[in-house]
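Would you mind keeping the following structure in view while I ask a few things?
Chain naming follows the written order as A, B, C, D and E, and within any one chain the residues start at number 1.
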Amino acid sequence: MNEYTDLAGESNTNLQKRHRDSKIWRTIFYASTAAAIIILAILILSIVNQAFGLVVLKNTVEPEKISSVPLEQLSSQDLIKILKKNLTSNRYKTIDRDMPFTARSQADLVDLVIAEVVKPTVVDSYHLDVSILHRNEIMARAAEKYPNGHVEFHSWLNPEFITRSMSSTPELAGVRTAIFGSLWIILITVLVAFPTGVGAAIYLEEYAASNRINKIIQTNIDNLAGVPSIIYGILGLAIFVRGLGYFTGGGFLGSGETGGRTILSAGLTMALLILPILIINAQEAIRAVPRSLREASYGLGATKWQTIWHHVLPSALPGILTGTILAISRAIGETAPLILVGASSFINRDPSSVFSRFTALPIQIYNWTTRPQDEFRNIAAAAILVLLVLLLSLNAFAILMRNRFTRRIS
Amino acid sequence: SPVFAAPAAEPTKAAEPTKAAVKEVELPEVDPSKLKGDIYSAGSSTVGPLSEAIQELFVQDGYTGEIKNDIIGTGGGFERFCKTGETDIANASRGIKDEEKANCAKLNPARNPIAFRVGTDAITIVVNKKNDFLKNVTTEELGKIFTTAEKWSDVNPKWPAQPIKRFTPGTDSGTFDFFAEFVIQKPQKLAKLDDAKKLLLNAKNTQASEDDNVLVQGVEGDQYAIGYFGFAYYQQQQDRLNAISINDIAPSFETAESGKYLLSRPLFIYSDAAILKAKPQVAGFINYYLTNVDKVIDKVGYFPASDEALNASKQALLDALK
Amino acid sequence: MIDHQTQTKPPIISAEDLCIFYGNFRAVKNVDMKIVPNQITAIIGPSGCGKSTVLRSFNRMNDFIPNCHVTGKITFHGHNIYDEDVDPVQVRQKIGMVFQKPNPFPKSIFDNVAWGLKINGMKGDLSEPVEQALKQAALWDEVKDHLKKSGLSLSGGQQQRLCIARALAVKPDIILMDEPCSALDPIATLKIEDLMRELSKDYTIIIVTHNMQQAARASDYTAFFTMDSDRAGVMVEYGETSHIFTNPQDKRTEDYITGRYG
Amino acid sequence: MREQIMNHTLSTVQIKPASRVPEFLRKKKRWNEILIQGFLFFCGFVSILTTIGIVFELGKESLLFFANPDVSLLEFFTNTRWQPSIGEFGILPLATSTLLTTLIAMIVALPVGLSAAIFLSEYASSKARSVLKPILEILAGVPTVVYGYFALTFMTPVLRGIFGEQNVEIYNTLSAGLVMGIMILPLVSSMSEDALTAVPRSLREAAYGLGSTRLETAVQIVVPAALSGIIAAFIIAISRAIGETMIVAIAAGSGSNFTFNPFKAAETMTGYIARISGGDVGYDTPDYNSIFAIGLVLFLVTLGLNILSRRLSAKYREVYE
Amino acid sequence: MIDHQTQTKPPIISAEDLCIFYGNFRAVKNVDMKIVPNQITAIIGPSGCGKSTVLRSFNRMNDFIPNCHVTGKITFHGHNIYDEDVDPVQVRQKIGMVFQKPNPFPKSIFDNVAWGLKINGMKGDLSEPVEQALKQAALWDEVKDHLKKSGLSLSGGQQQRLCIARALAVKPDIILMDEPCSALDPIATLKIEDLMRELSKDYTIIIVTHNMQQAARASDYTAFFTMDSDRAGVMVEYGETSHIFTNPQDKRTEDYITGRYG
């Protein structure tokens, strides 16, 4: 009986050691997971840190030089006069065409004078952490170095940043063109990859007999999923940009464009890139449709396609869509293939068709990290936040969609 | 019509300024808002920022068409202009080479590149802020630093026995070509430019990038680093880097203008008469470029071209449009 | 043993020297079996002896299992359903199937029943035939007020009857049932058994079951399968249910029925 | 006895000669089904076309590259200098730095990723898992250009702070490798976690039933049982690291450098391709052709890893019923 | 019901007013049960009545099911195994378990048996105790020549005996078996039943089975469980097997045994 009084195992040193080991490793495993999550936090914080902070602004023309009275106290006529005097005639006309000066309020005109004539520009910028911890030193240094400058808190991520197009001046640059470029590329990518990918998945799961060619196709898709994206870039460059440049550049439509560095080429390249991922995900989703559902359908005398179209696809759709959205998130963030396919570094117009030249968010981020001025680093961080928000909303959308469809089915 | 700009006649070096007043060539005024269509330029990372600045002004002044500018190096720019014929304008920090011209001629329809001088640059040699031994170099020292020397002390025994970390523009950049020609080929009297390049590229610890920021950050990050690039990038980074003078001449407006500074060089944009005629927006843009470049060039960080050179460019434009 | 009956009525479906293979593995061998129309035939036997395999071969459901193939003959109204120019889709319309786990479509109750009609080209108002089928399956009273509800919202027993209604709607001649009650509670089980009895007036029913009591209670004929030493399923004995259970001719049948193994 | 029945019945039932199949069983031609199947096959075939495209394009341009009289295959694999524009064609410096960054990345990603996977599948409550897993997947979804930026603006300064500015170059393979490891970590943990969760519960129960602790069960039973999936995850991670471009393009440096010092700048194969194709080089130059040759090497290496992965995981796969 | 026997020998393990919950759902209620040492006790009952749940509570295997908790007491040699300071690892060493599906580790046959010894700190040459356990499990002769082969390469019945050998190797007092034969063919089943009989000389065995014949054949005591109206499992009857099968006291037991439902 004696040996059973010690179910707690207190006298058993071996057991105690085992429990101790178990605890130590538990801590290690836990720490690994925590480390991954802490890194994610650091990553995001370090980006946020650069997207906000104090800046030192300096006016290109001091307001006192334009008028002896403060601008706010000037009449509309005086303000218009100032504009007329200080702007080129073409610029003056352009602004007038956007909205006639006479139709603008006095406050608007004051803003306009500040933006067009006084033109405060950022001469120095600080990261968020420094801005908070060393605010006074920054103030002191700014006062010494830029006697006419003033310090203010600036969020590089702001509405204008999203709506403005590109500029070589960081504080005037925005990501609108890049966002549109990314969206256009994604559109092409989805239009091409989704039907093809789902079609291939259906073929492999429902039709393909296990013969040689189908085995080759399957193996090949698995292999393609592991091919580095830059190789797809090379493929896109060789085939879509150069080989088929006449078509992808819209030359065959008489657009006069030559060279295929267009949205179409980028979209097609991305489509090839995500196709294997999409197919594999869709295959999994289709495979997850219970066999009983297919059997029920066949048992009623349904044909193969009727079964697939009415039962298999609707049931697999949430899974397929989730996989598609994940593949799209991959495509949105891809940079290397776009570099090869020839994204533009500076472009002022939103793309208007698939034959437009383009830039995309990650390309923009990459370009900005390579510019010399510090402020470009700030807007690169802001653009990263835009990209992350875009990705997160896509993922959230994927989850919502999945939940919606799952609810409908059950 | 007579075509300006045979490459041989192209000054590969900034011309001596002529103090004598030259007759101003008047270009017709452009109203950007009246122009439509797209303009596509690509090329030099030196000229790129200047073109971008002008493009922005052009848009501010009412242009509503599409403008694109790709920074891919001078050689890359000529590739797209002459080989694939994609671009309307090539930005260049050196004159066009014969084989590039030949490519242009092979295009269908053939292109005949016309150079428009837009400014002057001074390739600036930069070192780390903490570098306290290097304020000035001779051409010969410079040649050694970027080629055979492994340590600073190999060039000058007074300098520290530390390895030299070199940061140079990529092999397809005009800057690299220019540097190879004026720092290596000419002083060492080498027959071929390629030999000079080879010497440069064979040097240890050399990082080459088309991306000037890689160079800026590289030099900024290493006490014993040295690099070079267009003056504009240096101007942006004055508080992070030190510029050194060559043969006791520091890069500046005056020394570049006068050509006294060893590495002052002309900046160009290239286009073609047929394009200018077919695409009025391109002609208008170049007109606008030549008219307004002096307003922004110092802000971007380069030096204006001499009046004479600018006038010649304007004249070339007028000729091309005849 | 199937004597007088078979002589009077021709079999509606019959297997002749049927062997079924999964790849190289022969899962079932040399089955000869004639199914008497408008009767309930039960197939019993230990797990893995090939009951489901045989049943599914009767309406070419095995076509969907890769590398499953059949030798021998299965004739339906005298025609070998494995002939080249026979359309398996047509076969399955004539020979419906109900599965072990109730598997309604993730659609409304109405659509579950109507779908089979729709794909068979029936147009217009389907409420008449749907009601008909649901009534036949003894489900109408329970669901008539919420035909729009999902088929999955029903209880297990109701789901199974819905599956039966669905199968009935396309007017098959034969209904195959593979352990249709094994996922159901005793009360639902009894309901289905009653229903089968009712349906056997108009349909021929073949049911696979694990449960000997069920076979004894609910079937007219019983086939007992077991595994041979090579793991292939064989039919040991086939005859009227009352005979098989009271007077088994084969030692193995007897052992199984008396629970000596299984 | 069965024979008896059959003989008996056979003689009584008349077998009609089934000359023509009756209408209700006869085969119909369903053209739409055939067309659809054709289209679906084409969709599958696109992937074959892609591969052919890759092999053809890479092969064609690589041939041009190797046709260059200055380039010899021997030199390609043995020369320690890579400067195609001056006739130095040794892939070694690019290959070693690829190796170096990959190695560093794996030192981070594999142990930490596997540990996290073990934690998630064996220790975390299902609630904790449902929160932690998506968070890790966010980490996997962050574009690599962001990681590159992170490496340059955060990791490198941290490393220089630790090891000294004079030792760590501004562009260095250590920073790129570490951040690449971070990027790949969620891939490893997510795939390994899937493999671990796929191990049937019965196996864990068997282990616990013998009186084993959680650690013993996890490490000695579950991990070996999931080995095939874990190996697959590891190898895919390696091939991701080899093919990763933006992080090294931004943070590792941009000049080939034959070195094993992780504090030094060195360009990887992918970094080189990205830089050269970023626009600085003209078509038909040795530089341009060389990116295809390097692409081919990259393709073959990752292809080989894929095949290896499948081989190994097939070898270690246990089939549970 | 268990009268003279229980009075003479103290129970080796016993449940007192045992209730087991999954979250809020009470899966099993108010079970009182004393297990007689060195005997085979069978637990039978319809699916879902909580047989496995009760069995797994005997060696705290339910600890791994999130939100499963137990009220009442289970005493092993007089100590409540759910006491705070009891080490469940220790408990499971003393009370081994064999599962429904054979679940050998993906290791060699030798390592399957040796693993339990290794983790318990046994070092050196383990071939002696491994051989011992395999002999006890009546598997030695079949595997002695290829101990290096994977445990998964064995047939189902051999795998199950391997699992028994594995459990025996760590020298437990009690072996719990949850439908150990339901995945096996008749011959393998009989082998395991013989083995159980053999083992009951040295061990106490508790076996859950679906198969009444098996319970009747192979056990000394039988407990019959069923579900109450609130779906909670209850123990209806417990006593010597011969009594239960020949003379059930409860109507529900009788219905179940005679196959009227289930």
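One rule holds in what follows: contacts are C-beta pairs under 8 Å (C-beta built on N, C-alpha and C of every residue); 3 or more make two chains touch, one makes a residue touch a chain.
Just so you know, these numbers come straight off a predicted model, no measurement behind them.
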Least step count from chain B to chain E, where 1 means the two chains touch: 2
Third chains touching both chain D and chain B: A
Chains touching both chain A and chain B: D
Chain separated most widely from chain E, comparing mean CA positions: B
Centre-most chain [mean C-alpha coordinates]: D
Most distant chain from chain C, judged by the mean position of its C-alpha atoms: B
Rotational angle, Cα trace of chain C fitted to chain E, multiple of 5°: 175
Intercentroid distance (Cα basis), chain D paired with chain A, Å: 23
Chain C and chain D, separation of their C-alpha mean positions in angstrom: 48
Chain centre separation (chain D, chain E; CA means) in Å: 45
Inter-centroid spacing, chain C versus chain A (mean Cα positions, whole Å): 56
For chain A, residues that touch 2 or more chains besides their own: 18-19, 303, 342, 369
Two or more partner chains touched - positions in chain C: 89-91, 94
Sites on chain D at which at least two other chains make contact: 152, 213, 216, 278-279
Pairs of chains found to touch, sorted by chain label: A-B, A-C, A-D, A-E, B-D, C-D, C-E, D-E
Touch list for chain D against partner chain B, complex: 83, 85-88, 152, 160, 165-166, 169-171, 253-255, 257, 265, 275, 278-283, 287
Residues on chain A engaged by chain E in the complex (per definition of touch): 1, 4-9, 12, 14-15, 18-19
Interfacial residue positions of chain A with respect to chain C in the complex: 209-210, 290, 292-303, 306, 310-311, 314-315, 408-410
Parts of chain C lying in touch with chain A, wherever the complex brings them together: 59, 61, 64, 66-67, 89-94, 96-99, 101, 103-106, 115-116, 119-120, 150, 152, 163, 166-167, 170
Chain C to chain D touching residues, read off their complex: 1-3, 6-7, 10-11, 14, 32, 34, 75-81, 83-87, 89-91, 94, 235-239, 249-250
